[in-house]
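Here come two complexes built around chain A, the first alongside chain B, the second alongside chain C.
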Partner chain A sequence: MIIELIGWKSKGLRAPDIEVKLERSDSSVACVTLIQMPNGTGKTTTLNCLRAAMDGSAESWDAEKVKSFGNTDTPPEFGSFIATLRINHSKRIVIEMTFHFVEGVVTYRTTAGSKIEDNYCPPPEVRRYLDPRFSELLFFDGELANDLISGEKETNAGHVIDTFYGLYHLADLKRKALDSFQDHVRQAGPAKGAAQSARLIGRIDRFRSKLAELEEQTATSVEQKKRLEEESRRIDSAIETHLLQSTQFQEAEQIARDRKELAKTRVEKAFHEIDKIFPNPLILHPFLTKSLGELADNLDKLKLPEFTSRAFFDELINEPDCVCDRPMNEAARAAVKRKADLILGDSINGFLNSLKRTVRTCTDYSGNTEFAKAVQELVSADDDLSQSQSALDDIRAQAAAAGDEEISRQRRKLEEIKGRLEIIDAFLEEATRPTRTGDDEQCKCVDFFKKRVKAMDVELARLSGTLDRKHRTDCLISVIDDAYNRSHLVLKGEVISRANEQLAQILKYNPVEIEDIGRCVKLRNRGGASMGQNLSVGYVFLAGLLHGGGNQFPLVVDSPVGALDDIARRNLGQLLPKLVKQMVAFVIPSERQWFADPLAESSGGDVLFLTHLRINEHTKDIIQRLGGRAACTSESGIVLEGKEPFFALGEDVNE
Partner chain B sequence: MAFKLHTEARDWFKKISGSEPLNTLFDLYHICLTLGLASKRFESEGDSMDEFMDDFTIRYRPFQSLMIGGMIAAVLARKGISVSDRCSVAQEIGRMVSGDTTRGDLTADGFRELNGYALGGFNYLRENFDAPPQHAVWFLSRYSQLLSETGAPPKI
Partner chain C sequence: MAHRAEQSTVTDINKKQIIDGMPHIEVIKAINEAVSSQDFEPQVASRVLAYLEQAETSEFPNRDREQQLSLILNALPSLGMDELPNIDDL
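Moving on to the complex of A and B:
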C-alpha cells in the first residue's frame, strides 16, 4: 500500500487561508518537504486538521473544540480544510472537512475517484491505514522518536508494532468476546440471587481493572529497573574513570579496584567449588557414610538381595511339577507363592546390588569436612569483597569531601538511583510473589487478582447458569491470546532484523543495535545512547515499519530536530532521506541550522522548501524582502517556494 | 509419582536460586532432602506440594542410589524396624523401591517418603531462618551450620 500526501487547503480557520501543493509538475512528491512556519502561523491547527482529515476523528469532536478552530478575530459561520491523498501512485482521495462553527460540528465529504460520499468514507483498501490508532504513527513530534528509546513517557514501542500490523484488532476481538459473555450473563438472568450476581459483576470489573493496572505497572517497573541498573553501572564506570585521572586518588582507586576484582574472582571460584561437590550427599552430610555402610552390611547379613531370582518361583507356580519332581497341587502352589511374595523382584534386587556396590566403592567420607571448608572459603571471599567495596566507597567519599564536584554529583545520582531501585524492588517483590493467605483488594499481588478474577468468573457463570458459555469464551480468548503472542513475536523479530540491517549501514562509525522491543526499544550493550543516536534509532524503527514490505506512508513530523545539538542535527539531516519516501516536516526558523543543508545534500536535492507566513503589518515587509516564488497567496497568508526565502527568513520573526 | 516441593519453596528461595549451587529446582530439593534426613524430620505430603520432576536429573543420577539408600535407612529407623527382621526389611524396601530406572527407581510410596523428608527439611529451614534468605553466602553458611548441629543420622 502506497499512500502519499499530495497537499491541503484551508479556509476560514485560525490558520491563514492557503493551499499547499506537494505534488510537482511531473506528479512526483519530494522525498522531504520542509515547511517553515513561524509560531502563530497556524502550525498546530494545520497539523490537527491534517490528522483529522486522514482519520476522521473530527466527527467526534465536541462543540468547544470545533469552535476553537475558527478565526477568533472575524469568526465566520463556516470553515473548511481539504486534504488530498494519492493511493498507489494513481487513485486520488480528497477528504473535505467543513467546520460548522455555529452548531459546533464538523462534517466530511470523501471523494475517491468518481465516487463521492457525504461523510468520512475512505475506500476499504485504505481504511485500516487511516484508523486513528494508525495515524498517530504518521503524525508525531520529534520527541516520539526519542520516547521510543527512553520509554520515559507514555509511548509504548511494542504497541507501535501492534498498531502498524493491526494486532489491536485481536484485542478488539477479545474485548468483544468478553463483552458478549457479560451481556449474555446479564440477559440470561440469574439462576438465583440477582443482587448477588450484580454485586459479583461489579467486583469482577473492579478486580479486572486493578489486574490490568498492576500488570502494566509491573512491566513498566521491570524495564525501569533494567534502565536504572544500566545507568548505575555507567555512573560507576564514570566515577572510576574520573578517579583514575585524578593524581590524588588514582593510586588508591586502582589498588582498591584491583583488590575488588580479585575478591570477586575468589567468590566466583568458591561458588564453583561448592557447586562441584554439592550433589554428593556423602560430602554434604558425611554422617550418611556410616549409615549407608551399616545398611549395606545389614543387607548382606539378611542375604538381601536374594541369590535366587523371584522369577524362578513365579515360573515354578505354573509348572506341573516341582523341581523335586513332586506334583504341583494347589497347596504346593500356595506355599510357593507365599515364599515368592517374600522375595524381591529382579529390578529391586538390581537396585540393591547397585547400592551396595556404590557404598563399598565410595571413599570413606565420614568425618569429611569438605563442604564446611568450601563454605568457609566462600564466606571469607565474600567478606573480602565487602571490605574491598567499602574501601572503594571510602575513596570516593574522600574525593567528594576534598571538593571534587564531579564525584559528589555522580555519588548523589547513584544514591538517587539506589533509592528509586529500592522502591521498584519493593513493588516488584509484592507484585510478583505468589498469593498468600491474608491477601485482599488492597494488596499489589498480581497472582492474587488473577486467581480471584478466575474464581469469580466461574462463580458468576455458575450463578447465571452460563458455565458452558464461559468455557467457550475462555477457549476463544485463549486462542486469541496465543495468536497475538505468536504474531507479535514473529513481527517483532522482523522489525528488529530490518532495523538492525539499516542501522548497520547508517551508523557504521558508531554502531548501535536493537536487542529487543518491549515498552521501549532496547539497545544492545548500551547503557544509554546519545540523544542523537536515540533519535536515529527511533526514526529507523518508525521508518522501517512505515516503509517496510513494499509499503509507503507519509511521515508528518512537527519539530523533527527540536532539542538536538548541532552534530545530532547534522547526523539526522543526513539520515532522514535514506529512511523515508515522503516526509513532511514542520519547522520554525531556529531549527534550520545544521539540519536543512545536510538534509538537502543527502537527498540529492530532492527537498521541497516552503515558507508559510501569515500576512499582517509585521510580515508584509519581510515577505517582500524574502523574494522567491509565491506558490499560493491569499488575503491572510502566503506560501513561498524555494531555498532562498527559506533560509533568508530571520529567526526574529518567531517572536 | 514425582518429586514434589512445597508450593512456597520457589518463592522462599527466590533471592538465592538461579545460580551456583542452587541453579535448579532439583538443587533446592536436594538441599531440603539432605537437611530432612539429617534432622530426621519427616512430614506427610498435604495439598501444599507442587510436582516438578519424575526422575533424577543427570547431575544427580550418579548419587541416586545413595539418596534412596539414605531414605531407606531413615524410614527403617523411623518405623523402628529391627535389622534382624528380614521379612519386614524386605517388605519395606519392596514398598518403596521399584527398580524402574525410568521412574527414579522409586514406587509411589518411595516418592512419598522422599518428598516427606524434603518437606520436613524445608520446614526445618523455615523454622531456623527469620526470613527468606536474601544472600546466597549467608544462607550456605547457616545451612552448613544447621547440618553439623543436627548430628549423626539414624542408626539401623
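Moving on to the complex of A and C:
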C-alpha cells in the first residue's frame, strides 16, 4: 500500500486561508517537504486538522473543541479543511471537513475517484491505515521518538508493532468474546438470580479492569527497573572514573576498590565451595553420617532374616503337608530344599554386603566441620564486602563534601534512582507475590485478581446456566492468546533485525543496536542513549515499519530536530531522506541551522522548501524582502516556495 | 486459501471487499499453530481468520460480529454435558 499526502487547503480557521500543494507538475512528490511556519501561523491547527482529516476523529469532537478552531477575530459561520491523498500513485482521495462553528460540529465529505460520500468514508483498502491506532504513527515528533526509547510515557513500542501488523484485531476479538459472554449471561440469567448476577457482573468488570491496570503497571515497572539499574551501574562507573581523575582521593579510592574486589572474589569462592558441598547430604549434617554408621553396624547383626527364613524351609520339609496342602513326599522335599538354597543364597547376602560396604565408606566423612567451615568463610567474606563497600561510599561522600560538584550531582542522581528503585521493588514484590489470606480489592496482587476473576466467571456461568458457553469462550481466548504470542514474537524479530541492519549502516561510527522491543525499544549494552541517538533509533524503527515490505506512508513530523545540538541535527538531516519516501516536516526558523542543508544534500536535492506566513502589517515588508515565488496567496496568508526565502527569514519572526 | 473458501460458504452475509495481505501471513500461521497445538478442529482456525478478515474491512457491524463469533464458538469443543443447551439456541 502506498499512500502519499498531496496537499491541503484551509479556509475560515484560526490558521490563514491557504492551500499547500505538495504535488509537482510531473505528479511526483518531494522526498522531503520542509514547511517553515513561525509561531502564530497556525502550525498546531494545521497539524490537528491533517490528523483529523486522515482518521475521521473530528466527528467525535465536542462543541468547544470545534469552536476553538474558528478565527477568533471574525468568527465565521463555517470553516473548512480539505486534505488530498493519493493511493498507489493513482487513485485520489479527498477528505473534506466542514466546521459548523455555530452548532459546534464537524461534518465530513469523502471523494474517492468518482464516488462521493457525505461522511468520513475512505475506501476499505485504505481504511485500516487511516484508523487512529495506525495514523497516529504517521504524526511523528521528537517526543514520540524519545518515548519509544524511554518507555516512560504512554507510547508503547510493542503496541506500535501490533498496530502496524493488525494484531490488535486479535485483542478486539478477545474483548468481543468476553463482552458477548457477559451479554449472554445477562440475557440468560434466571429471574431468581438476576440481581445476584448483575452484582457479580459489576464486580467482575471492576476486578478485570483492575487486573489489566496492574498487569500494565507491572510490565512497565519491570522495564523501568531494568533501565534504572542499568543507569545506576552507569553512574556508579562514571563516579569511579571521575574519582580516578581527582588526585586527592585517588589513592584511598583505589585501595577501597581493590579491597572490595578482593572481598567479591572471596564471596564468589566461598559460594563455589558451598556449591560443591551441597550435592552431598552426608557433609551437610553429622546426624546423617552417624545414622548411616549405625545402619552399617546393625547390618552386621542382620543375619536374622536369613536364619529365620532357612528355619522356615527346614521346618517345612519335615512337615507331612506343604503350605499348599499337598502331601510333602520325597520329591517335594527335594524341590523345596533346592529352591530354598536358590532363594536364600547369594542374592540376599550379596545385597547386604554391598550395602554395608557402601555405608562404611560414607561414614569416613568428617561430619559437619567441612560445611560449617565453608559457611563461616562465606559470612566472613560477605562482612568484608559490606565493609569495603561502606569504606568506598565514605570516600566518595568525602570527595563530594570536598566540593566536587560533578560527583555531588552524580550521587544525587544515584540517590534519586535508588529511591525510585525502592518504590518499584515494593510495588513489584506486592504485584508478583502469590495470593495471601486476607487479600481484598485494595491489594495490588496480580495473582489475587486473576484467581478472583476466574472464580467469579465460573460462578456467573453457573448462576446463569452458561457453563458451556463459558468453556468455549475460554477455549477461544486461549487460542487468541497463543496466536498473539507466536505472531508478535516472530514479527518483532523481523522488525528488530531490519532496523538493526539499517542502524549498522546509518550509525556506523557510533553503532547502536536494538536488543528487544517491549514497552520501549531496548538498546543493547546501553543504559541510556543520547537524544540524537534516541531520535535516530525512533525514526529508524518507525520508518522501517512504515516503509517496509513495499509499503509507503507519509511521515508528518512536527519539529524534526527539536532541542538537538548541531552535530545531532546534522546527523539526523543526513539520515532522514534515507529512511522515508515522503516526509512533511513543520519547522520553525530556529530549527533550520545544521539540519536543512545536510537534509537537502542527503536527499539529492529532492526537497521542497516552503515558507508560510500570515499576512498582516508586520509581515508585509518581510514578505517583500524575502522574495521567492508565491505558491499560494490569500488575504490572510502566503506560501513562498524556494530555498532562498526559506533561509532568509529571520529567527526572530514570531507573530 | 482454505479459510477464504470456508468463509464464502459460512458467511454469505459478509460479501465485502477483503483487503489483500491481511491478516498478515505470520498471524495466519500462528492461528493455525495455536489451534492445532490445542487439538481443536481446523475449522476453528478458518473461522477465526474469517473474522479477522472481516475486521479489516471498513464495515463490520456488531450483528455480523456476533454471528461470526457464534460460528467460531460452535466449532470449539463443548463441555460434553448433555443437559447444557445448544450454543445456537442460547
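FYI, the second predicted complex is superposed on the first by the 577 of 655 C-alpha atoms of A that agree within 3 Å, B and C clash if a C-alpha of one lies under 4 Å from a C-alpha of the other, contacts with A are read in each partner's own complex, and residues count from 1 in each chain.
Operating definition for what follows: a residue touches a chain if its C-beta (ideal position, glycine included) is under 8 Å from a C-beta of that chain, and two chains touch if they have at least 3 such contacts.
Note that the structure is predicted; figures quoted are calculated from it, not measured.
S.K.: Under the stated touch criterion, which partner chain does A:208 make contact with: chain B (first), chain C (second), both, or neither?
M.R.: Neither partner.
S.K.: Taking the superposition on A as described, I'd like to know which of chain B and chain C A:479 touches: first, second, both or neither.
M.R.: Second partner only, chain C.
S.K.: Touch test for A:9: chain B only (first), chain C only (second), both, or neither?
M.R.: neither
S.K.: In the overlaid three-chain picture, which partner chain does A:165 touch, first (chain B) or second (chain C), both, or neither?
M.R.: second
S.K.: What is the contact status of A:354 with respect to chain B (first) and chain C (second): first, second, both, or neither?
M.R.: first
S.K.: Have a look and say if chain B or chain C is in touch with more residues of chain A.
M.R.: It is B that touches the greater number of chain A residues.
S.K.: Which partner does A:420 reach: the first (chain B), the second (chain C), both, or neither?
M.R.: neither
S.K.: Can you tell me which positions in chain A touch chain B when the two form their complex?
M.R.: 267, 271-272, 274-275, 278-282, 284-285, 287-288, 290-292, 294-296, 298-299, 301-304, 342-352, 354-355, 358-359, 362, 371-372, 375, 378-379, 382, 433-434, 436
S.K.: Can you list the residues on chain B that touch chain A in the complex?
M.R.: 7-8, 10-11, 19-21, 23, 27, 30, 34, 37-38, 59-60, 62-63, 65-70, 72-73, 83-84, 86-87, 89-91, 93-94, 97-100, 105, 136-137, 140-141, 143-144, 147-148, 151-156
S.K.: Contact residues on chain A for chain C in the complex?
M.R.: 121-125, 127-128, 165-167, 169-170, 172-173, 176-177, 180, 184, 188, 465-469, 471-473, 475-476, 478-480, 482-484, 486-487, 490-491
S.K.: Under the definition above, what is the set of chain C residues touching chain A in their complex?
M.R.: It is residues 16-17, 19-20, 22-24, 26-27, 29-31, 33-35, 37-38, 40, 44, 48, 51-52, 55-58, 65-66, 69, 72-73, 76-79, 81, 84-85, 87, 90 of chain C that touch chain A.
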